[in-house]
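This report refers to the structure that appears directly beneath it.
For reference, chains read A, B, C, D, E and F in written order, and residue numbers begin at 1 within each chain.
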Amino acid sequence: MLGLFFSAGMCSLERFGSILVLRLTGETEHRFSPALCSQLRQHIATAAASDARALVTTNDGKYFSNGLDLEWTKPEPQTRVPYILRELERLVLDLLKLNMPTYAAICGHAAAGGLLFAMAHDHRIMRKDRGFLYSAAVDINFVLPPGSSALLRAKMAPKVFKDMILQGVKYTGIMANEVGLVDSLQEDSAATLKEALDQASKFVERPWEKAAYAGLRLSMYPELIERLERESSSGGFITV
Amino acid sequence: MLGLFFSAGMCSLERFGSILVLRLTGETEHRFSPALCSQLRQHIATAAASDARALVTTNDGKYFSNGLDLEWTKPEPQTRVPYILRELERLVLDLLKLNMPTYAAICGHAAAGGLLFAMAHDHRIMRKDRGFLYSAAVDINFVLPPGSSALLRAKMAPKVFKDMILQGVKYTGIMANEVGLVDSLQEDSAATLKEALDQASKFVERPWEKAAYAGLRLSMYPELIERLERESSSGGFITV
Amino acid sequence: MLGLFFSAGMCSLERFGSILVLRLTGETEHRFSPALCSQLRQHIATAAASDARALVTTNDGKYFSNGLDLEWTKPEPQTRVPYILRELERLVLDLLKLNMPTYAAICGHAAAGGLLFAMAHDHRIMRKDRGFLYSAAVDINFVLPPGSSALLRAKMAPKVFKDMILQGVKYTGIMANEVGLVDSLQEDSAATLKEALDQASKFVERPWEKAAYAGLRLSMYPELIERLERESSSGGFITV
Amino acid sequence: MLGLFFSAGMCSLERFGSILVLRLTGETEHRFSPALCSQLRQHIATAAASDARALVTTNDGKYFSNGLDLEWTKPEPQTRVPYILRELERLVLDLLKLNMPTYAAICGHAAAGGLLFAMAHDHRIMRKDRGFLYSAAVDINFVLPPGSSALLRAKMAPKVFKDMILQGVKYTGIMANEVGLVDSLQEDSAATLKEALDQASKFVERPWEKAAYAGLRLSMYPELIERLERESSSGGFITV
Amino acid sequence: MLGLFFSAGMCSLERFGSILVLRLTGETEHRFSPALCSQLRQHIATAAASDARALVTTNDGKYFSNGLDLEWTKPEPQTRVPYILRELERLVLDLLKLNMPTYAAICGHAAAGGLLFAMAHDHRIMRKDRGFLYSAAVDINFVLPPGSSALLRAKMAPKVFKDMILQGVKYTGIMANEVGLVDSLQEDSAATLKEALDQASKFVERPWEKAAYAGLRLSMYPELIERLERESSSGGFITV
Amino acid sequence: MLGLFFSAGMCSLERFGSILVLRLTGETEHRFSPALCSQLRQHIATAAASDARALVTTNDGKYFSNGLDLEWTKPEPQTRVPYILRELERLVLDLLKLNMPTYAAICGHAAAGGLLFAMAHDHRIMRKDRGFLYSAAVDINFVLPPGSSALLRAKMAPKVFKDMILQGVKYTGIMANEVGLVDSLQEDSAATLKEALDQASKFVERPWEKAAYAGLRLSMYPELIERLERESSSGGFITV
């Protein structure tokens, strides 16, 4: 059974049985612009409202995601960088609140904002031979918002956290697997996606309720979620 | 003794003995744009570095300040409204951390962001016959950032706080004086400024140290200041 | 224009133009049992989903509400008192999150849990001649949950807060009006309800959006709301 | 009925029926030294373990208390000022946790640390004609520890709080009564103590339990108490 | 030297030199009912008041503990499940505050509430061949209270935490040892208890004071302890 | 290129290219007295104001540091122990806020306060054959201030944290390397310092800005830094 929800644009959502695959499409760097964030958030909202029981995110090409879309921010960086960061944090929150398990099948570089997006998933499967997990922050003189730092802190051992942020270490799949950043290592992109689908397939058979799953995840990271909500919800006009 | 520091543009800083007067100049509404925020923050930085012992803020014309500069935000409201809010919260923080007492001599309307700016001062003197203290938020469908709400909560009795925010009550000078929003009521603009200068003159004679004064204020509002710092300091690039 | 939504049981929800009236019906003490909490929460959910623009809560008889239903808790107080407290805090949260202004037209005693329910509204109108605002806690050796204390602290001046809780002072309408616990004082029940409807009628004419109103209230009391959510959301089974 | 527990030294504890009177004895300024703090804390511990149902604190002479004992701190101010502040905050905590209502019968100046001690009580009765409530901090360049600021903030309206701390306003009895800093105003020291005893006598008749009373107060000020405990409990050696 | 304190019922407390052994007795699943929680809390109170210097908890039969007593909660799950959870969190708090080191000699399954109880100890020794550490939450649609989640988060590496909660991984002794969930692995129940006693025996020889030990543990987990205290202490009646 | 800034006394600051070496000089135990804390803080302030891009801290002799100077605290331990703890926490804060990476080249024992100082650095290089990382707290009945505990918790895996604090385990270089307490292990003191300089040399070549580096570190540990600032900043006199 397979159903195609939406495939125009920068990402697609496909259904395989009770599993949804969210794919960053095309050979681009999958950088976060308002358009990409908006499409991703719509797909996740579709997932939340569906009766599917797992979400697997993956990518075409050489990049899972290479971070913020600096082309888009360039004309007015002072206002646009904070804006797109906030959009990215809302996307992270969507994943942290989603009522089903989330798997990142990382088939290429996950850098900067792309690292955040990868770490916002519950589980990570990575290619052995290609791609880095890399927080570019220190190399591009970018100060992470505290909510984004808090996401990384909640998901990494203390030494990995500081090597990732303060040293800008590029974790290959093998390194990432050794320090617990990923859950499984596979030969190539096809095997990476297959492993994610296999793990999801096994898990969706178990009798958990989707509301309970979402509730459990909320209870695990209350300070993180509260901080992201505070950061990403500050003032603005509401119009009809 | 009088010294003029800076008067070009939208505001000026003048010195009268050991008191600095920060004036929102001209017959405009003194709305907060990046330019006005930047000039105000530079004046406050000048004050902080000077040997003056009090700051009195006042205004020309009919408005103390009428809030955000919506002309400036209009071309790209989604990115510019959060940006200017953050600038305004940084300005509020500058006042909350300034190493001398701050007096707002409010000679006209203080609405929306103008209310925040007025409430960020330690003391308020207001005209009896003209001007309102008014949080326009409910009438313009504007959701205050939590840090701005926290500023108002820290400075108002609970009933005044909810009438101000949820009812959008317009407090005249007389009403404001009755509920403790202002410290003194005067006949006109000249008397309002004079009263602020008189209060400041008396206080600067006392033997307090400027570092102790700043430390005391910080110890009074730690949660407020922490919240404003978190909100206004999230990520961005730092370049030379 | 008038529409009757639901009137069976312990409370009813009626519509007058764009105002909903939530009435605690009958000559009882309107004590909080699971049944009453459930009915009230259903009415508030109905209100939230409707296109109405204000909610007025009022009561028949001599009691706005006299607190927890101790008849219901008596057979197993150790498990049932915490349970009903949690239900009451959820009801308070529903009001704090409702997307429209809330008015309590208090026509009789509001004691213990009834005081909490009254204080959870945005505005309060009270009879001059009858009824007390009274936290019975100290007189019945009842320790308020911290979230309930936090609600009262957020809505009262410090001196009123301690006289209310630690002295068990019974505030008559006149006393309550003097210290800012209520917004208006009326002669009798009919005038009390009429005043609430009049205030609401005026306010609903203004062009605020319901989502913005809800967002504003959330930004005013973030610590209170977070505390109530933590307290009222702890673990349990989720079943289909 | 009267019983004398302890009267040597700087303070005494006497029993009148079910009321204990803690008296700062002698015509001194009752400044807080380790010796005075220790004696006061012992008396409060005695009170906590007794079957008495109220504590009234009062003073001989012209001072309720004039603050820290600067004679004691003078030889080594850098280590001794923080030490005695911590002792004072522990004393404040003892009062905030005491299992009975506390009344300060303030018969003279309550300044600096003496203001903190007075405000740590549940209720305050003051002489009309003599004595000030006065936070000397701004005049002596003393930065309040955040826990002490938090005590004052929890007990005062926002405007009073800032006038007290940032202006160093000296509140006479009449001023203090107007702004809710005290609960009753009396002609002289005898009437002040008598009023405190009368209020206590009426209250002890009511059927509250001491554990419930203590629990109620804890639930009212959780952030304040947590902050004071954090501040006053940091590291040290524990020896047999 | 050996002394038997209490052995009736579901658990016993025995003394071996300066070590106390708390045993979950009988071939049952040692599920947490009010009776079992109450007996365990009494034993821990006895331990706290004794001059013993270590506590070793162990079990008869195949289960360390299999979680809440669902037979007891079944007649009224809505009120009884939150009640017993609160009792369990109080038991966890008792261990976190106990004035001596705590060792869990885990001779069988520690599942759901049983996992929480095991993780509340300072150290864990486990059988190699039998028993799982297993948070059943996801499989029984049970949302952990935030305080219980916080206990697990404080004691596990981030990857183990999410595999434990979100995947419901069953950790055998060997797996648990590899990821640092346990401190030592032994062949059978006798060796497991012996190893715990040996570790305790060595440690009790060192010259630490019991009050300092308790203070140290409190300083290690302040947010966890504060959260558990808030969750488990909400309102109720206090009667003589 | 080499420049000597300051070498008198207990520690020196030397410059090697863009790297500063802070050396605890002499064959002593390098215990923290007011004098040593003051000298270290002055050196770190010098570093912060310089154009250097890395700080390497190392030691002469057999001790990196053996903790507080108990000779200095002995005459008045009740006031002096809290005082020197606060000084040490300020020193830790200086390192956590320094605008360049910090490396501890640990050539000997780092015990008690010395462990805190070592863990306050970003990276640690240690001798293989000599020296322990050891929190003496449990063995000397010393209760860590919560801010100091929070530093250790932020830098260690949960199991290491509890073995370090509650067991007083002495981690040799080899043990420390296995559990991620140090980043590199070297044969002797010369090699240890050389490795730190080599790591720093490589890192200073990269194009990071110093303000961004400091901002990144602040965003990683906001609760830790806030807690340390609260603990170390409580009241005191400010004099000219």
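The definition used in the following text is that contacts are C-beta pairs under 8 Å (C-beta built on N, C-alpha and C of every residue); 3 or more make two chains touch, one makes a residue touch a chain.
Chain-to-protein mapping (UniProt): A, B, C, D, E, F = Delta(3)-Delta(2)-enoyl-CoA isomerase.
All of these numbers come straight from a predicted model, not from anything done at the bench.
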### Task
Determine the set of chains touching subunit B that also touch subunit F.
A, D
### Query
How short can a path of touching chains from subunit B to subunit E be, counted in steps?
2
### Task
Could you check which of D-F, B-C or C-E has the same interface as A-F, with more than half of the contact pairs identical by residue number?
B-C
### Centre-to-centre distance between subunit C and subunit A (centres being mean Cα positions), rounded to whole Å
42
### Message
Could you work out how far the Cα centre of subunit A sits from that of subunit E, in whole Å?
### Response
36
### Query
Once you find the CA centre of subunit C and the CA centre of subunit F, what distance in Å lies between them?
54
### Task
Could you tell me which residues belong to subunit F and also touch two or more other chains?
141-146, 148, 157, 209, 212, 215, 219, 222, 230, 235, 237-239
### Message
Using the touch definition from the top, list the residues of subunit E that touch subunit C in their complex.
### Response
76-83, 85-86, 140-148, 230-231, 233-239
### subunit A residues touching subunit E - in the complex, by the definition given at the top
101, 122-123, 154-157, 180, 183, 203, 206-209, 212-213, 215-217, 219-220, 222
### Query
In the complex formed with subunit E, which residues of subunit F make contact?
137-139, 141-146, 148-150, 153, 157-159, 161-163, 165-168
